[in-house]
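You will see two complexes here that share subunit A, one where it goes with subunit B and one where it goes with subunit C.
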Partner chain A sequence: MVGIGYEGFPRETPHYSFKELTFEAALKAYEDAGVDPRKDVDSFVVCEEDYWAGWSISDEGAPDQLGGVLRPLHTVSGDGLNGVANAFMQIKTGYFDVVVVEAHSKASDILTYEGILTFAFDPLFYRLLNAHPHFLAGLEMDAFLEDHENTEEDCAEVVRKNRENARHHEAASFGGQTSVQEVMDSEVLFRPLKAAEISPLADGSIVLVLASAEKARELTDQPIWIRGIGWSSDSPWLETRSLAEARYARWAADQAYRMAGLERPRRRVHVAEVDDRFAYKELQHLEALGLAGGNRAGALLREGFYEMKGDLPANPSGGSLGVGNLLEASGLFRVMEIVRQLRGQAGEHQVEGATLGVAQSWRGIPTATGGVAVLEA
Partner chain B sequence: MVGEEYRRWEGDMEALYVYTAGVAGDRFFREIRDNERLMGTYCPECDVTYLPPRLYCETCFSELNEWEEIPNKGRVDAITVAYVDDKGERLARPKVLAMVRFLGANGGLIHVVDLPEEDVYRGMEVEVVYLPRGLRKGSFLDILHFKAI
Partner chain C sequence: MGRKWRGTPLTAADIAEGRVATAEWRPEAKYAWSAGESIGRFLEELQEGHLVGRKCDVDDTVFFPPRSFCQEHFVRAGEFVRLKNTGKVETYSVSYLDTDARRLEEPVYVGVISIDGAAEGMGFMHFLGEVEEKDLAIGMRVKAVWKPKKERMGAVTDILYFKPV
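Up next is the complex of A and B:
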């Protein structure tokens, strides 16, 4: 990992088109990496989804804002962390030295967000229920709290922590001081899920520059290494996937940890950025990643284990609850944040002495797809 | 630039489809319409019956050709109560939704439970209620809701 750049993350960006948003992020990433996209980049990976763009076959609109016209470019219709996995594999072939990954959110352009999520349900089954798509998050949270040793207060605690952390992130839109009681008192929308536990949407674009080991050493004296990466999908059938456990994340973590030779991750990892699009998801994901000593994420949270000053700070950036839901850029945001931490460039939310970090993605409701990357300084 | 109105236009991407139920889905919905019963496909390799049914096993990847009837009674496994509608507007009457598991079936069904929210609990027995015969069209909505036994 040799370059990072972002433009964001306000609630809306009425002055920029999504292409311009990406251009601004790309300029920063290329400056950071010291590369010229027209000369030095061998391939581009863009992660986006037509319905978020409101534009069919929208990947055809991707090359120019990245400097990728007349170069190899492919789209991953999925989260940005999957794009990192694709770039990683391209570099491993030996045919590509420098690969760029981009993902963005122009959520403020979407007038019917719920409708798009509803269209992601099976059209012959649950799309017909005429229910708000977040009902599935309510069901998952209920199953998770029943099966695991966590409480509704623990989920509220996640909101308090992440919004507090986001106060120290220079680009977060939703940082602030919130008490557990305020979260518990917020409107119950999909019992047991409450309004304050749902991350609000934000806009932004993120660009990362990856390079082969040899090229990375040439470009920077502070490369961040991808030691392991994995991704997987649980059953698309809501009835046969696990509602209580994030099995997709567990499988992805197993693959990434095996590649990295990482055992006992809870003791060795210094910092984690995990998907918290809904508050219960952070706890569920920490458990699936083996960062919670089994199903004890809530108990560890109560003990201060995941706080900024704790043994394993979780979402020091503020996560999606504090920074905003960045749609397909959510996982790429988490990778970028781990890179900043390991470089010692996370500013006011720097975790002291972090040299080994984990980033994890989830593609959001109603998916059961996620990825995990293990990064080291 | 600040204070000026930036150019933005509203638009949509209307598109129409027919959704093919497929071999397994066709029989599943037909059985509901004609016989008021839930049918699943059985995998002899894994000894599991899938509900909803599918033509292939997600565990061993066998093609599935055996069908089994699934009892109309199941147990509530997870519950949520939606207080807002599909567009986020407050509902006059909250919608109780549950994942119901059926004995002998791998899977289950999510649907509305026709009870006040305080009366629905994990583990409670419920029954599938179908629309009256003449109104059924062979769709998922031929299942009206779950009711307490």
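Up next is the complex of A and C:
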């Protein structure tokens, strides 16, 4: 990783088109990397979803705001962390030295967020039940709490922690002081899931610049290395996927850790950014990533293990609960935050002395798809 | 009719009258796209009866419609510049069908018009009017015909068509 840039993350960005939003992020990333996209970048990867964009075959609208006209460019209909995996593989072929990855959220352009989510369910089976799409999060949370040693209060604690952390993130929209009791008292929407446990939408674009090892050393004296990367999808059928455990994340982590040669991650990883678009998801993901000593995420949280000053700060950025749900840019945000931490450039939410970090993505309701990247300074 | 297939054929009426199992879903997919700085200004100026472009400061290329950045030099675009509402037909076609593919009584003339003062070939697709089909030609000089001011909405249709000059 040789360059990062973002533009965000307010609740809405009426002054920008999505192209202008992305262009601003790209300018910063290229300046950070010291590259000219028209001369130095060999390939571009854009992660987006037509239905979020409201634009079919939206990849055709991707090149100009990145400086990618008449260059190799492809889109990934998925989270930005999958785009990092694609860029990583392109570089590994030896044909590409510098590859750019972009993902964005222009959630404020979408008037029917729930409608788009519902449209992602199987048309002949689940969709005709015509339930609000977040019912699935309620089902998962219920199964998770039943099977694991965590409580509803632990989930509320995640909201308190992440909103507190977000107070120290320069671009977070939802930082603030919230007590566990306030979360517990917020409206129950999909029992046991409560209103305050659902991350609100935000806008933003994130651009990362990756380079081969040789090129990276040429471009910067502080490259951040991708030691391992993995991704997987559980069964699309709600009845045959695991609702209690995030198996997609466990499988992705196994692949990434194997590549990185990382054993006993809970003792070795200094900082983690994991998907927390619903509060229980953070605990579920920490457990799947082997960062919770089995099923003990809630207990460790209560002991302060995941706090900013704890042994393994989880979501020091504030995560999606504090910064906002960035749709397909959510995973790329987490990768960028780990890069900032390992460079020592995370500002007021810097984790002291962090040199090994893990970023994890989930594609959100109704998917069981996720990715994991292990990064090292 | 050629080969006879075995089985029971389905008719449109079978589906319409619910004699076979079907599922129907109408997606809720609504958006309010932000036009952004350049296209936003462009649409506002259209309502006032003006065409504006925007400059790349590197080589003074004038984008029309205006863009916020240059895709060649990858820099933020510079000043907005007001352009004349005249131009040249780059290419045209005569459409005999409407959007439902029904034959039109009067064909529609559609052209790509490069706007005077904008970069080579930059302009927009619009209707051609006040012209006979036999007089249409590539390279023809044309001028915008605007809707009355109170009917303009800040849309490309604030121009009715381009006519020969």
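Simple rule for what comes next: the second predicted complex is superposed on the first by the 377 of 377 C-alpha atoms of A that agree within 3 Å, B and C clash if a C-alpha of one lies under 4 Å from a C-alpha of the other, contacts with A are read in each partner's own complex, and residues count from 1 in each chain.
What we mean here is this: a residue touches a chain if its C-beta (ideal position, glycine included) is under 8 Å from a C-beta of that chain, and two chains touch if they have at least 3 such contacts.
Everything quoted here is computed from the prediction, not taken from an experiment.
Does subunit B (first) or subunit C (second) touch A:Lys161, or do both, or does neither?
The answer is neither, since A:Lys161 touches no partner chain.
Of the partners subunit B and subunit C, which touch A:Asp64 in the superposed model: first, second, both, neither?
second
If we overlay the two complexes on their shared chain A, which of subunit B and subunit C does A:Arg191 touch? Say first, second, both or neither.
first
Quick one: is A:Ser56 in contact with subunit B, with subunit C, with both, or with neither? Answer first, second, both or neither.
first
By the touch definition at the top of the document, which applies to A:Leu129: first (subunit B), second (subunit C), both, or neither?
In the superposed model, A:Leu129 contacts subunit B only, not subunit C.
Between subunit B (first) and subunit C (second), which does A:Phe119 come into contact with in this model arrangement: first, second, both, or neither?
After superposing on A, A:Phe119 lies in contact with subunit C but is clear of subunit B.
A:His349 contacts which: subunit B (first), subunit C (second), both, neither?
Neither subunit B nor subunit C is touched by A:His349.
Could you tell me if A:Pro14 is touching subunit B, subunit C, both of them or neither one (first, second, both, neither)?
A:Pro14 contacts both subunit B and subunit C.
Touch check for A:Trp237: first (subunit B), second (subunit C), both, or neither?
The answer is first: A:Trp237 touches subunit B but not subunit C.
Across the two complexes, find the residues of subunit A that touch subunit B and also touch subunit C.
Shared contact residues on subunit A (touching subunit B in one complex, subunit C in the other): 14-15, 51, 54, 109, 111, 114-115, 118, 123-124, 128.
Can you check the complex and tell me which residues of subunit A touch subunit B?
14-15, 51, 54-56, 109, 111, 114-115, 118, 123-126, 128-135, 138-143, 146, 187-193, 235, 237-240, 243
Can you list the residues on subunit C that touch subunit A in the complex?
23, 25, 27-39, 68-69, 71-74, 76
Report the residues of subunit B in contact with subunit A in the complex, numbered from low to high.
Against subunit A, subunit B makes touches at 1, 6, 8, 10-11, 13, 17, 19, 21, 25, 29, 50-52, 54, 58, 77-88, 95, 97-99, 106-112, 117, 122, 139-141.
Which residues of subunit A touch subunit C in their complex?
Residues 13-20, 23, 26-27, 30, 36-38, 51, 54, 63-65, 67, 69, 106, 108-112, 114-116, 118-119, 123-124, 127-128 of subunit A touch subunit C in their complex.
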